[in-house]
Amino acid sequence: MQNRKLRMGMIGGGVGSFIGGVHRVAANLDGQIELVCGAFSRDPEKSARTGKELFLDEGRVYGSYKEMIKAEKQLPKGDRMDFVSIVTPNHVHADPALLALDNGFPVIIDKPLCFDMQEAKALQAKVKETRLPFALTHTYTGYPMVKQARKMVEDGELGPIKKITVEYPQGWLSQKLEADDNKQASWRTDPTKSGKAGAYGDIGTHAANMAEYVSGLKINKVLSQLSKIVEGRLLDDDASALLEFEGGVPGVLACSQVSAGEENNIKIRVYGEKGGLEWQQEDNNTLKVKWQGKPDQIYRTGVDNTGYLSETALANSRVPAGHPEGYLEAFANIYRNFGMHLRAHDAGENHDMEIYDYPDVDEGVHGMSLVDAVVESTERGNIWVEVKNN
Amino acid sequence: MQNRKLRMGMIGGGVGSFIGGVHRVAANLDGQIELVCGAFSRDPEKSARTGKELFLDEGRVYGSYKEMIKAEKQLPKGDRMDFVSIVTPNHVHADPALLALDNGFPVIIDKPLCFDMQEAKALQAKVKETRLPFALTHTYTGYPMVKQARKMVEDGELGPIKKITVEYPQGWLSQKLEADDNKQASWRTDPTKSGKAGAYGDIGTHAANMAEYVSGLKINKVLSQLSKIVEGRLLDDDASALLEFEGGVPGVLACSQVSAGEENNIKIRVYGEKGGLEWQQEDNNTLKVKWQGKPDQIYRTGVDNTGYLSETALANSRVPAGHPEGYLEAFANIYRNFGMHLRAHDAGENHDMEIYDYPDVDEGVHGMSLVDAVVESTERGNIWVEVKNN
Amino acid sequence: MQNRKLRMGMIGGGVGSFIGGVHRVAANLDGQIELVCGAFSRDPEKSARTGKELFLDEGRVYGSYKEMIKAEKQLPKGDRMDFVSIVTPNHVHADPALLALDNGFPVIIDKPLCFDMQEAKALQAKVKETRLPFALTHTYTGYPMVKQARKMVEDGELGPIKKITVEYPQGWLSQKLEADDNKQASWRTDPTKSGKAGAYGDIGTHAANMAEYVSGLKINKVLSQLSKIVEGRLLDDDASALLEFEGGVPGVLACSQVSAGEENNIKIRVYGEKGGLEWQQEDNNTLKVKWQGKPDQIYRTGVDNTGYLSETALANSRVPAGHPEGYLEAFANIYRNFGMHLRAHDAGENHDMEIYDYPDVDEGVHGMSLVDAVVESTERGNIWVEVKNN
Amino acid sequence: MQNRKLRMGMIGGGVGSFIGGVHRVAANLDGQIELVCGAFSRDPEKSARTGKELFLDEGRVYGSYKEMIKAEKQLPKGDRMDFVSIVTPNHVHADPALLALDNGFPVIIDKPLCFDMQEAKALQAKVKETRLPFALTHTYTGYPMVKQARKMVEDGELGPIKKITVEYPQGWLSQKLEADDNKQASWRTDPTKSGKAGAYGDIGTHAANMAEYVSGLKINKVLSQLSKIVEGRLLDDDASALLEFEGGVPGVLACSQVSAGEENNIKIRVYGEKGGLEWQQEDNNTLKVKWQGKPDQIYRTGVDNTGYLSETALANSRVPAGHPEGYLEAFANIYRNFGMHLRAHDAGENHDMEIYDYPDVDEGVHGMSLVDAVVESTERGNIWVEVKNN
C-alpha cells in the first residue's frame, strides 16, 4: 500500500448524482487514490454506464454494494479495493457502511452520518469494534482557514470564548422543486430518505459541526425553531436555534433553504474576550481576525505564508497565496488525510490527527444527536433540550 | 418660518457627550436649521461652557431644560426656538419631552423613546393631544439604501416575504468599562438610567426597528435570550431572539456588545419568494439584491441614479454615486425631513411621509413594547411572548 | 472672530450647480461657519433666487462677485464676510480670487486652481504678497484614512517607497452628454471653460494630488497618453500616464470618464520595501495595509481608534468606528481646517498644518504644472516631459 | 484511447518544483488523465525519487527527456504515453517540445511558450507541420467567469469596446531572494534561463493574454517602462505599459513583482460604450458587470446558474454556485479541454474550441512577440513599438 495509489470502491454516485462526482474529484486530486470499482446505482445498467464513463474495468462495476463488497473481499489484498466511499442518500448509509466494516474495509461516507440515531450508534459500535479508519465528509472544516481558526481559538489567542454565531443560508428550495421531480430536491425533502430533519439535517448539521470544530466546544443545549416555509413541504426548510455550548457560552445557528438568492455561504463567527474570528465560504481563503482596539488582521491561505500560518493550515493548502483554493480542495483534504491515516494504519503507525485531521464517526454520532435535540425542541414548543451524546 | 432657518434648542449634549455632537452636525448639515439655545447639562457651568463653544448667545444658554422651555416660550414667535432636540440618557427623555410638548414645542428625541412603557404611553398621548411633530432618531432607517429596500419590499419585487434576519454586533463592552468610569458605558449598563434592557435596549431596538421598517411587517411574538456575558454586569450585553412577524414570517435577531472586534455593522436581510435584499452599515451605499436564478444586482446611493432608484432613495441622497454618504447624512435626513414637516405644519400643509419620512412616537412606543416582550421572554425562561402594542 | 461663527461669502453655486451645494454642506457641517452673502450667478435673478433658498438677507445677495467684494469690504469687520468660497467653472477662478485677496479676503476655491499656468502664477504671487490663508478643495485628501496613509509612509513604516499606482475611473461621459446640453458635461468638455485638459484636468489632477500627498513625493516627469474616446469630443476623456516621482520611483496614473459603469472610485496604492498601502473612495473608512510575509491589517476611521490611528487621522474623524463617514465629511475637513487657520491667522497664532492640514495655493500651482506637462507629453508624441514647478 | 484514461508523461516537475505539482493536480482532477512516466529532473536520482513518490513504475522514470521520448515511442500505442507535459524553466521548453512533436507526441507546456522568438517560430512551424494538439497553460483564462466575460464582450453586450485595463501585482520579489538561493526566484531573475524579460515575461505575459482573451482584440502597439527596482537585479521586476489594441482601443497594463504585500491578484477591466466588466483572481467566481445608469450585476460561477451563464462558462465549472472553485480548477480546465481535443483528434473528430477552448501555440508565439515589443520599447527610450506577430 505504501508504494502505490490507494484503491477506492464507490457506493452510489451514478450518472446524474452531484455529490458522487465531487467525491471522485476529491479522491483524484492529489494523485494518492484511484477509483477501482463501484456499485454506482441500484439500476445495474446505470451502474455499468457510470463505470464505463469512469474507465473502470467492466468486471469491477457491480450491481449492488453487497455484491461489490463480497467480490472485492475475494480479490487478493493489493488488488482489491482498500476502502469504500459511500455517497448514497442518507437512508442508504448505514447498511453498506456496516457491511464494509464487517468485511474489513475502511469507510469514508457523506454526511449526515446516517438516517437516525439507532443507525448511528450501530455504526459507532462497529467502528470501535473493527478499529478501522472511518471518515465523514463534513467538507467545510477541510478549508485551511477554518483549521487556522480552530488553532487560534485553541491557542487562546482570542481569550476565553464568549459568543458563537454560525449560519448557512441557501435559496434553492424557495420554490417547491420536489413537485417537479428534481432529484436533489426530492430525496432531501422526503422524510423516508433524508431522516427527521430537512434543512437542519442537510445544512444545519454542517453549521453546527463548523461551530464546534472552530470553537472546540460541544453544544450542550438547543432551543430550535424549525419551519416549513414552502407550502406542502414535509420537512423543515428553514431552521433557527439558540445554542448553549460547553461552559455556558451562548450561540446562534441559522440555516435556511428558502433564503431566495443565497448560494452556499456558510459563515462562522467566534468571539473571545480579546477579539473575534470571521470566516465564510464565499471568501474561503481569508480569515478575518478582529481585535478590540487594534487593526483587524487578514489571514490568507497559501503554502508560502509560513511566517504566520499554523502547521495544520499550511499542511492543508496546496498553492501559494493569491491562487484561490476552493471547495474541491477542502473536500480533497478529507480524502488525503483519511488516505494518510489508512497508510499509517496499514503500517501500524500513528496518524497525526492534529495536523492531518478529518471528521470521524464520533462527530457523526454527535451530529445525529444534535438532529434529535433540534427536532425535539421544536416539537415540544421551542424549549431548551439537552443534547444527549456529548 | 418659511424664510429663515428653523431654530433649535437642545437638551443635553454637553461637552464630552457623543450623541449631542452628532445631533448638532445632523441639524447643521443642510443649512435648514440653526441651534439658538440649549440646556446642555445639569451642571450650569458645563452648560455655559458648551454654549460658548457653540457660539451661542450667553443669554440663551440655560441651566435646566425647565428654565429653557419657560424662557423661550416667553420670547416672541420667530425669535424663540422652533423645536427641541433631546439628547439626554434614556431616563431623562420623557419629562423634558412632555414639558416641551405642553408648551407647544415640537420634539426630536434620541432613541429609545424613553425609560419605560408608562412614560412611552404618556408621550404618545401627549403627542396625540398636541398634534405636534415628534421625531425619534432611529438613524439607520435614514440611509437611502434602507429606504430603497423598504420600497422594493413594499412594491412586491421580492414576492411574499418569507424570512427576515437582522443583526447588530458591537464589541466595545467586551471589557467591563463601566468599572473604569467610562461615561458612555456607565449609564448604558445602569438599569436606573438605561431601563430594563442593556444591549437590547441600546442596539437591539435599532435592529428590530430596521427589520420592521424594511419588511413593512410588525413583530408579533418574540422568544429571547438575554445574556450578561461580562461578569458583574447588571444588564444584558448580548441578546438573541427568534421572531415571529405578521403573517407568521419567521425571523432572527442577534445583537451584542461583547462581540470583541466588531464595530457597528448593523445588517438586515429580507427574503421573499423570488429574491432577497441585503444591506449593512459598513457598506451603506450599497443595497445587494439577490435573485434566485438570475445575477444579483447592486443598487447604489447617488442623486444621479435616477434611472432605477425610488423617489424616496433619491430624495434622501445628496451627492452623485461613488461619493460615499454615511452615518451623519442618514442622521441629517431625519432632521431635514422633520424640519420639512415642521414647516408644513406651520403652513397648515401636509407633509409627505412616504418620501420624506422619519420615525415617530408610535414607532417609539412600539419599540418600548418590544423591550418589554424581550425582557419578559427571558425572565420567563425563553418562551414566546406576544408584543402588546401593535 | 473667536466667539462667533466664521462668515462666508460664496461666488458661484447657483441653483442647479452641483459643487456649490457640496461646498455649503461642507461649510455648515461643523457649525463653525455660516454663509452670509453670495454672488451665485451672473444672472442676478438666479442669484437672488439662490440667496432666498438659502435664507440670506436680500441685501447681501449680489449680482456679481465684484459687487460683492466691494460691498462687503465696506461693511465693518465683524459684520462683513470673513472669507470667500469660489465654486465657479475653472475659467472664472482666478479673477475673483485675485480680487478677493486684493481686498483682504482669504479664499477657498474649487479645484483645479484655475484656467492656466499664467493665472496660477499670478495667484501664487498674490497669496505670497497678501499672506492670506488660501485653500484648494482637493477633497480626497481630506479623508481620515488618506491622512493615516500619508503619516505611515512619512514615518517609514513601509520602508523606502518603490512603486505608486493611482487611478480614477468614471463612466458618466461615455456618451456625448455635452450634445444634450448637460450643464456639468458642457463646461467640462469645453476647452474655453475647462482649460487645456479634460478628464485629466477634472479628475486626473485629483489622482496626481492624491499620489503626491500620500507618498510625500512630487512627480518629476510624466509620459502621458490623452485620448478622446467619444467622437467629436474636444478634450481628452481618458488619460493614462507613466510617472517618475522624486528619487526615480516609478508610478502609473490612469483616469477616465468613459469607463462606462464606473462611479468615482479613486484608488491609491503605494508600495515600500516592506509592505503596501491601499485606499479607495468606495470603502473610504478602510485603509488596507499589506505586509510581505505577515497578515494584512485593516485600519479603520473612528474617533475611538485611539490605540493605533495617528493624531491627524483622529483629528479629521467625527464618529466612532463603524459609523461610516464619507465625502461630505472629507470635504468638511478642508473647510474646518481652513477655518481653524483663519482663526489662528486672525489671532496671530500658528496653525498646525501637520494635523489640521488642507491643500494650498502651491499645491494648486503644482497641479497646473502637471496639467501642462501631461498635455505637452501627448502633444509631442507620448514622450517624457519634466514637470516645471517642483 | 476512448475507453481509458489518457496517459501523460512529464518533463520537469521534480521534488521541490512548484508548478510541476500544480500540473499534476490539474491533470488528475477530472479522472481523465493519468501520469504514466516522467523525466522529472536532470539529476537521475532526483527524477527517480520523484517517480517513486508519484507511484510510477520504476522503469518509466527516465533520466532525461530524450531518453523518455525515445523509450516511450518504442512502447506499443495504448501503452505508451499519449502526450507530454513540459514544466521546466523557460529555457528548457523548446527542445523537448520539438522532440516530442517530432516523435508524434502532443504537447502541453507551461508559459511562456519558450525562451525567445526564434524558438517560438520553430515551435509554431513544427505544430503546423505535425498538426498535433498543443496547449499552453495560460491558466487564468481557464476560469469560468473569464470565459463568461469573453463571451459577453464577443456578443456585444457592452457595446463597442473603448478601454482596457489589466494588472498583475505581486510582492514576492520585493527582496533580493535570488541572493539567498531561492530556487523559484533564481531562474526567474536570470536572463539565461528566463529570457529577456523578468516580471513582464513571468506575469506580464499572463496579463496581456488575459486582456486579449477577454476583449477579443490583439495588442498592436506598446509603449513600455520596464524597471529594475531591487538593486542588482538583472531583469525587470516591475513593468508598466500603454497599449494600443486593434481598432485603436487604448489600454494600460501594469505588473510588478515588487509590490510588497501583494499576492497574485491579476485583474482585468474592459469597458464598452454601455458598460464594463471587472474580474479579479482574488474573487474568481464573481464577474462584476457594471452598467451606466442601471444597477451593476454580479455573475457567479456555478453549474446551476443555467439561467444566465454562457455554455462555455457552464462547461468549465464543476460545482453549484457558492462552492468556490479556484486556481487548480482553472488549470484543470486546460488539461481537461486539451484532453478532449486529444480524444477528438484520435477519433478524427472536431474539437469544439469555442466551448472547450485552451491557449494554443499561436497564442504562445504572439505572447513572445509581445515580450519582444515590450523590451524593445523600453530599450529605445519608452517609445511606441509595433507588435510584429499579429
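Per-chain numbering from 1; labels A, B, C and D assigned in written order.
Methods note: contacts are C-beta pairs under 8 Å (C-beta built on N, C-alpha and C of every residue); 3 or more make two chains touch, one makes a residue touch a chain.
Just so it is clear, the model here is predicted, and its values are computed rather than measured.
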Shortest hop count from chain B to chain D along touching chains?
1
Tell me which chain's centre, taken as the mean of its C-alpha atoms, is farthest from chain D.
B
Calculate how many whole Å lie between the centre of chain B and the centre of chain C, each centre taken as the average of the chain's C-alpha atoms.
34
Separation of the C-alpha centres, chain C versus chain D, in whole Å, is 43
Rounded Å distance between chain A and chain C, as computed from the means of their C-alpha atoms:
55
Find every residue in chain D that makes contact with two or more other chains and list them.
172, 262, 289, 296, 300
Where on chain A does chain D make contact in their complex?
3-5, 18, 21-22, 24-25, 28-31, 35, 52, 54-55, 170, 172, 262-265, 281-285, 300, 302, 304, 318-329
For the chain A and chain C complex, residues of the former touching the latter
289, 293-300, 305, 307-308
Where on chain B does chain A make contact in their complex?
158-159, 162-163, 165, 167, 169, 171-172, 174-175, 223, 225, 227, 229, 238, 240, 242, 250, 252, 254, 256, 258-262, 269, 271-276, 289-292, 296, 382-384
